[in-house]
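Chain nomenclature is as follows: A, B, C and D, assigned in order of appearance, with residue numbering initiated at 1 for each chain independently.
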Amino acid sequence: MAGVFAYAPAIAALPFVSFVVALLAGKYMPKKGALAGIIATAGSLGLSIAVLVTVFLGETYNETLYTFVGGDVPFELTFGLLLDPLSAAMLVIVSLIAFLVHVFSLGYMNDEGETGLPRYYASLGLFTASMLAFVFSDNLLMAFMFFELVGLCSYLLIGFWFRRAGPPSAAKKAFLVTRFGDYFFLVGVVGVLTTFGTAQFAGENGFPALAETVLNPETTADAVNTFGFEPATWFAILGLLVLGGVMGKSAQFPFHTWLPDAMEGPTPVSALIHAATMVAAGVFLVARMYGFYALLPTVLAVIAFVGGFTALFAATMGVVKNEIKQVLAYSTISQYGYIMLALGTGGYVAAFFHLTTHAVFKALLFLGAGSVIIAMHHNENMWDMGGLKDHMRVTYLAFLSGSLALAGIFPFSGFWSKDEVLYEALVHGLGGSPLLLGAYAMGLAAVFLTGFYTIRMVLLTFHGEARSDTAEDPHGVRWNVKFPLAVLGILAAVIGFLNPLPIKKLTGLEVDFLHQFLDSGPEALLTSSHHYSGLTHDYAGYSVGTIGGGEIVTLLAGAGASLGLALLGAGLAFALYRGAEPTRHTEKLGGLQTLLMHNYYQDEYQVWLAEGLTLRLSGAADTFDQGVIDGVVNGVSSVSLFSGDRLRRLQTGIVTNYAALIVLSLLVLLGVFAALGGWF
Amino acid sequence: MEHVSNWLLLAPAGAFVVSAMLLFVIDSFDPESKHDTLLAAVTTAGAAVAMVISAALLLSGTADSGVELFGGQLVVDGMSLVFTFIFGSVTALVGLASADYIEDLPHKAEYYLLILLAATGMSLMASANSLAVVFVALELASLPSYALVAYLKTNRGSVEAALKYFLVGALSSSILAYGISLIYAATGSLLLPDVAAAAGEASELYTGVFGIGILMVLGGFAFKTASVPFHFWAPEAYEGAPAPVSAFLSSASKAAGFVVAFRVFVVAFPIDSVAGSVDWVLAFQVLAVLTMTLGNFAAATQENVKRMLAYSSIGHAGYVLIALAALTGLGDQGLVLGSGMLHLLVYGFMNTGAFLFVALAEYWNVGRTFRDYNGLGKEAPVACVAMTVFMFSLAGLPVGGGFLSKYFLIVGSVGAGVWWLGAVLAVNSALSLFYYSRVVKAMWIDEPDEPREIERYPTALYVAIVAAAVVTVALLPGILVFDSAAFDAAAALL
Amino acid sequence: MLIEALIALCLLGAAVVFVAPNRFAHKLAVGFSLPPLAISLYMYLAFDGSGNALLGGDIAYETFAQWLQLGSYTVNYHMGLDGISLPLVVLSTILTTLAILSAWTPIDERQSQFYGLMLFLEASLIGVFGALDFLLWFVFWEAVLIPMYFLIGVWGGPRRKYAAIKFFVYTNIASLVMFIGYFALVFGLGDSVSSTGLPEIAQALRAGQLGSLGIIGPDMLALAAFVAMFLGFAVKVPVVPFHTWLPDAHVEAPTPASVMLAGVLLKMGTYALLRFNFTMLPGQAEILAIPIAVIAVISIIYGAMLALAQSDLKRIVAYSSVSSMGYVILGLIAYTVYGVGGATFQMVAHGLISGLLFMTVGVIYNTTHTRMVGDMAGMAEKMPVTAGVFVAGAFAYMGLPLMAGFAAELFIFLGAFESTVLPYAPLFTAVAMFGIVIVAGYLLWAMQRSLFGPFRLETDYEIGPAALHDVVPLVTLVLLIILLGSAPMVFFESIQDATLDIVATLGGGI
Amino acid sequence: MVLGAVPAEYYLVLSAAVFCVGIFGILTRENALIFLMSVELMLNAANINLIAFAFYWGNLTGQVFGLFVMALAAAEVAIGIGIILVLYRNFDSVDVTEATTLKW
């Protein structure tokens, strides 16, 4: 089975081919490139599963395939594949979602008579290809490069409807904000390369391993170039720099502002961006180089707090939104906050677990929302909906499954993963890193809000009476919409059983499959989860603490708290929005609502930074440039010409003046040289 | 020394004299000659012969060590041959071009005659080895020039120009004569080597007299080379004179002034001996800076093309003055002196060509200002390409030999440790690019104010212009023909 | 003799095209530009030199003949290529051919003169990159100004005369300053050199044979010469604050001339900086490392800020060139293989990318007759391929991975970050890198306003998709950019090889 | 520096005086003919030196050159008169300050 690794590059290459095909020949193809994309992503999915199986059977792969730059250079820049449990699992998730999104697009785009489809499918193909390549990158540089390509594709797709004013602006914002983060990332990449001479993720020669040897007081390793800093300080700086890219892509506070705007793109694209590609790329990167972050307690704390804060912060905004996709957007930000929280608190497995479940249920919710939007003739306002559940059965059921998962209601997938995230935060907070408890508290508070806004969304959309004409007679959807919804709906319900930690703890059954899987793989790669927990323990001082009587009590208390809060939120929403004609309760919030609707004025200050400050500054620079610098240049020219004009007035035209000037200058000359030569 | 073959060395000057005499003869037999072409042909041929002989003598190395004639009154060496070559080429071009320019004017024979006599005077200047010969030759070159400027005697500009030229010239030659007399007073000799021999003593004993003499002689030469402050005649004379005469004066006459200055100052006033009396290198440095700057700055704002060329000619005099101003005794002195000669050589072609283009424009009556030249490129592309070559070469762009020779001067000044002279040249050169390119802009870029029709394309004038352009371009790589000769000549002189 | 063949073919083409009738000029020019392109590609493929031509490495395609005797110095006709100059020669031939192709639509009068000048320009550029003797090099260096002056002045926009003369005089005076600086070095070397050849001078300088000139001692002389040459080249590059001729020249120049100007002419400045200042006087570069890095960083950030303030598409690209050239300076002062090699790579990469953007703007201008961002919107609807290429070019400019610009900038950042010559190298690098954010800002903003949104055009012109002959050069450039970006070793191998000797003495981490 | 009974300096002073008179004339007079005369004076100042110092140095060079100068002065006057003649024809005056069409 190891032979499958030889074909692994095709996982990314296939969608790339579909990109080329759709770009060049999409116009002439029956479904304008959709088929090429579907076939390619299906191929990728198949290969990814094969790789997953192979990895599951204990084979891994970490090879350099292409030398980007070699020769007489201090360090080579290469491309290669790292196929270990983490990337193999992620490949399956990405290709699965991509495949379903392609299928769904048939219904959402083709059936709706959109133009520019070849461009759409080409971008989608490239998007998938870039993300897949990013996932199996074996070094930070390659990861960065595909990370950027992911950014490009999201730009293209968010701005797909370029004829309107909104999408291009949203696309620009998405790219710019993430670019701002990527700036730090790139500095980090350059720093890592110049510090360690390598950017490999895995193995003894990977930079996390090198960093560990440097930091390890017991080894006397060759010192790396830390540019005059203490190694620990310098590594923390590098870690934070790379984290900049993560926060940008994963829409963490304060870089989250691009994501709600990105809803301007077609809904399937939103599904792809939020569930499996762009936003996921950020947190995946942290997981990918967790061996490095695990060495840096400060950075871990930053990650945890950013995550916890973002989770809570985004959830508050989700509460008041009126458009279905807006609610989902803020929920995405919030959920990625949880993943960051997990990573920051040492919950490597929990993070990936939540990444997986979130990928499924968020893709489901977006596709479901897409289905609703088709039905509503592209009206996204929930206050114009209502009562849709009777018209669209499949969509409703699937959407409900996703919503319950999002809200973290037992036994849907979100419950298991979110619970594990919070559990990790709690035990490590208790175990000697009390700071983490603050992050935990924020995460916990967000659970309540999540429950509330999710159920509010479901009720407003599907329940009650139809509040508009379109809602009374919605547009039907076809199999190509229903099929992905069905697949994902089932997955959203059951995928939590990949790693039901409470069951394991309570019953002692070895049902934590994901944990076992991520813990497998050869030691030499240094990417197993127990290696990471060893590192967090040794270098970040993370250890497990409990309340009351031990692990089980802690677990149950934590799970109970989160489930209880989720139910409380859900129940509150149910109580408020249950009726046939729900009222706009959020208006009662008054000033708070205004604040929330304006997203805490985050956009305003960022727009001010971009337009008010930077543009004004550049205007001033331009004035300075034209006035002073170019003014000097033109001034020199004017002065020269003016003095030339004065100088030629010497030539008066009167010959006696000439004679006088000649005699005078001769006399001056004589006088000067007489003085110099000492004639007298 | 008095060997027959040595007389051959005077053949270039002889060629001028003989053709002048021939013109006399022709004119006496046929006073109102209808044979315009014959007169022009004789002039051109005579000058061409002079040019070819000088080149042959120069490149064959016959006179490398310098041959003295007439008891040392004349000397023929590399430098004199370089300059007779310049005079020959300029005279040939001017003679050729004049065939068309003066075709409707009377007194053609006199016109050519005066040109040839002036050329004769110049070639004597190149060989003058005594202050007496210097003065006589200089007057021989100057007097016909005054008359030539006044050639358009019903044209107020021409007459006024001649008057000013003459008056300033007369004043300057008086100053020169007085300077020579003072030098004679201090050294007791007029032969340059003898003056040099006595210079050390003279500058100790008769410091003041000798010093004043040197500076006055310098003034006389400054007049001939159109250097500040004796330049006042130049803009007017060049503007008012018939354009071929302006070409002749600004190229050949200026070169003649320089060859005399080179020889007299280098040979007769060795800087080591006379420095106690007057540091003429310093004087030339001052003059060079003033001349370059004044010439170029005044040229920058002219509206009249011919007057712009006149001022630019002053600017170029300033460049060449660096050849004397950089004789600081540091580094390779032959380099900078030779560069001066090379620049004058190239200048002979490019500047003559430029004035001849102005002659062509006058011939067409298109007007005198830049504005009048607008759009000429469409109607007379060949001549305008040639003019573009002249302008850019004068400005020091690599379309012609002017590029290399100008940069050689900078090289020389840097090598002599007076890099700041090079820097001043640089600033001026950049400014010159501005005003030279105005001509180019007018010809190629600007649209004419009103439609104009050019009816005739004068052959001889065209041939002269194109020949000048071809040689200018060819001198870019082809300066190798003359470079070692010039540098050797300079080295021999030093 | 191949370099001579290149130059001779270009000059022959220039002469023939110049006198040909206007209606044949374009095809003739394309025809004449192809053999040099083919030859240069062949030269590139057959290239087997190694080392730096100035520092004793193998010189490929060398021609040597004595030319002039300048006092006691010989001036030789010495041509030859190494790993640094060869890619630039290839860049010149490629861009010339494409620029000539792209001139079909915009150049509608005096075609024969236009194409003649373009070919003359190509000849001069090849000469600049091929010459190994100073005076010979200088001839070509200055010769470049002439065709460019006419290209801007005759076929340019409304303020073309001002722009042309500004370009002309500004860069000319810079050359003069540099010239004095160089010859101060030559004379400072005294008897240890006997020619003005670049290799001889470079090796003598590196061997520490510089003496004093007049009253100026060796150290002062070297420093002064370094500054003079740096100032001279700085105008050409251009770096802030000597950059103001550039936007004017770019805006007024016709598209093909802009392509050549941004694509190749600016590289002359950085090429010369590399060949002269940084190869010959490493010690002085080290002394001046901080000021130079400050200038580089200011160019990058300030240039980008200026680009942000513009609303003329060409002006945006023009100012962004200032910014991009700042990266080159930063790479050079790093004195590392990645830094210097990356700087050279950036010359090629930026040549292609800025050429692409100028061409694209030109194609838009051909149909809309305006370049003002505010005058148009939603162009992507009417000109989809052109808009697509614009997007590709813009992202290439922003340093999108797998495109040439990213590779170049990455090399520079890597090289600069690890520099041991430049104090506080990581800090300088990090600040400079912020340019990648601003560049994204102004290009995305410009695209949003002009390409996207509801269609609107302020000028009265019928617009439709660009013609095939306009699109072909664009697509070719995009493909080249992607090729170089995904396989940088195509050029970087030879560049790096020629760079090693330059950085070796300072030991700035090889 | 003694020259017979009269010291050589005296000749120098004399010639300088004559020279200065010439210059004074040039600077103050506007009549072209007087201008010419002044130039003659200056040339003659040179001649005084030449003759005096030919005697002083005991060689003939100065005297011979003095003759040359006189001859050239005559030629110069001839040309000068010619130019003044055409000046008069064109400007109806021999005032040298009248002809100012060419300037700057």
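Just so it is clear, contacts are C-beta pairs under 8 Å (C-beta built on N, C-alpha and C of every residue); 3 or more make two chains touch, one makes a residue touch a chain.
Small disclaimer: the values here were computed from a predicted structure and weren't measured.
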Practice problem: Starting at subunit C, find the fewest moves between touching chains needed to arrive at subunit D. | Solution: 2
Practice problem: Report which of A-B and A-C is connected by more C-beta pairs in contact. | Solution: A-C
Quiz item: Which chain would you call central, comparing Cα centres to the global Cα centre?
Solution: C
Quiz item: Roughly how many whole angstrom separate the Cα centroids of subunit A and subunit B?
Solution: 77
Quiz item: Taking each chain's centre as its mean C-alpha position, how far apart are subunit A and subunit C in Å?
Solution: 37
Quiz item: Between subunit B and subunit D, what's the gap in Å when you average each chain's C-alpha atoms?
Solution: 26
Self-check item: Distance between chain centroids, defined by C-alpha means - subunit A, subunit D (Å)
Solution: 97
Exercise. Give me the residues of subunit B that touch two or more other chains.
Key: 163-164, 167, 171, 175, 235-236, 431, 434
Quiz item: Which subunit D residues sit where two or more other chains touch them?
Solution: 26, 96, 99-103
Quiz item: Could you say which residues in subunit A touch two or more other chains, in rising order?
Solution: 637, 648, 651, 653, 655, 659
Quiz item: What are all the chain pairs that meet the touch criterion?
Solution: A-B, A-C, A-D, B-C, B-D
Quiz item: subunit A touches which residues of subunit B in the complex?
Solution: 163-164, 167-168, 171-172, 175, 207-208, 211-212, 215-216, 219, 228-230, 232-233, 235-236, 276-279, 282-283, 286, 294, 296-302, 311, 431, 434
Practice problem: Quick one: which bits of subunit D touch subunit A in the complex? Just the residue numbers, please. | Solution: 23, 26-27, 30, 96-97, 99-104
Quiz item: Touching subunit A in the complex: which residues of subunit C?
Solution: 166, 169-170, 240-241, 243-245, 302, 305-310, 336-338, 341, 378, 380-381, 391, 395, 398, 400-402, 406-407, 410-411, 413-414, 417-418, 426, 429-430, 433-434, 436-438, 440-441, 444-445, 447-448, 451-455, 488-489, 492-493, 496-497, 500, 509-510
Practice problem: State the interface residues of subunit B toward subunit C in the complex, per the touch definition above. | Solution: 330-332, 334-335, 338, 392, 396-399, 403-404, 407-408, 410-412, 414-415, 417, 419, 422-423, 425-427, 429-431, 433-434, 437, 440-441, 444-446, 476-477, 479-480, 483-484, 487
Quiz prompt | List of subunit C residues in touch with subunit B within their complex | solution = 67-72, 135, 138-140, 142-143, 145-146, 149-150, 153-154, 160-161, 164-165, 168-169, 172-173, 176-177, 179-180, 183-184, 187, 213-215
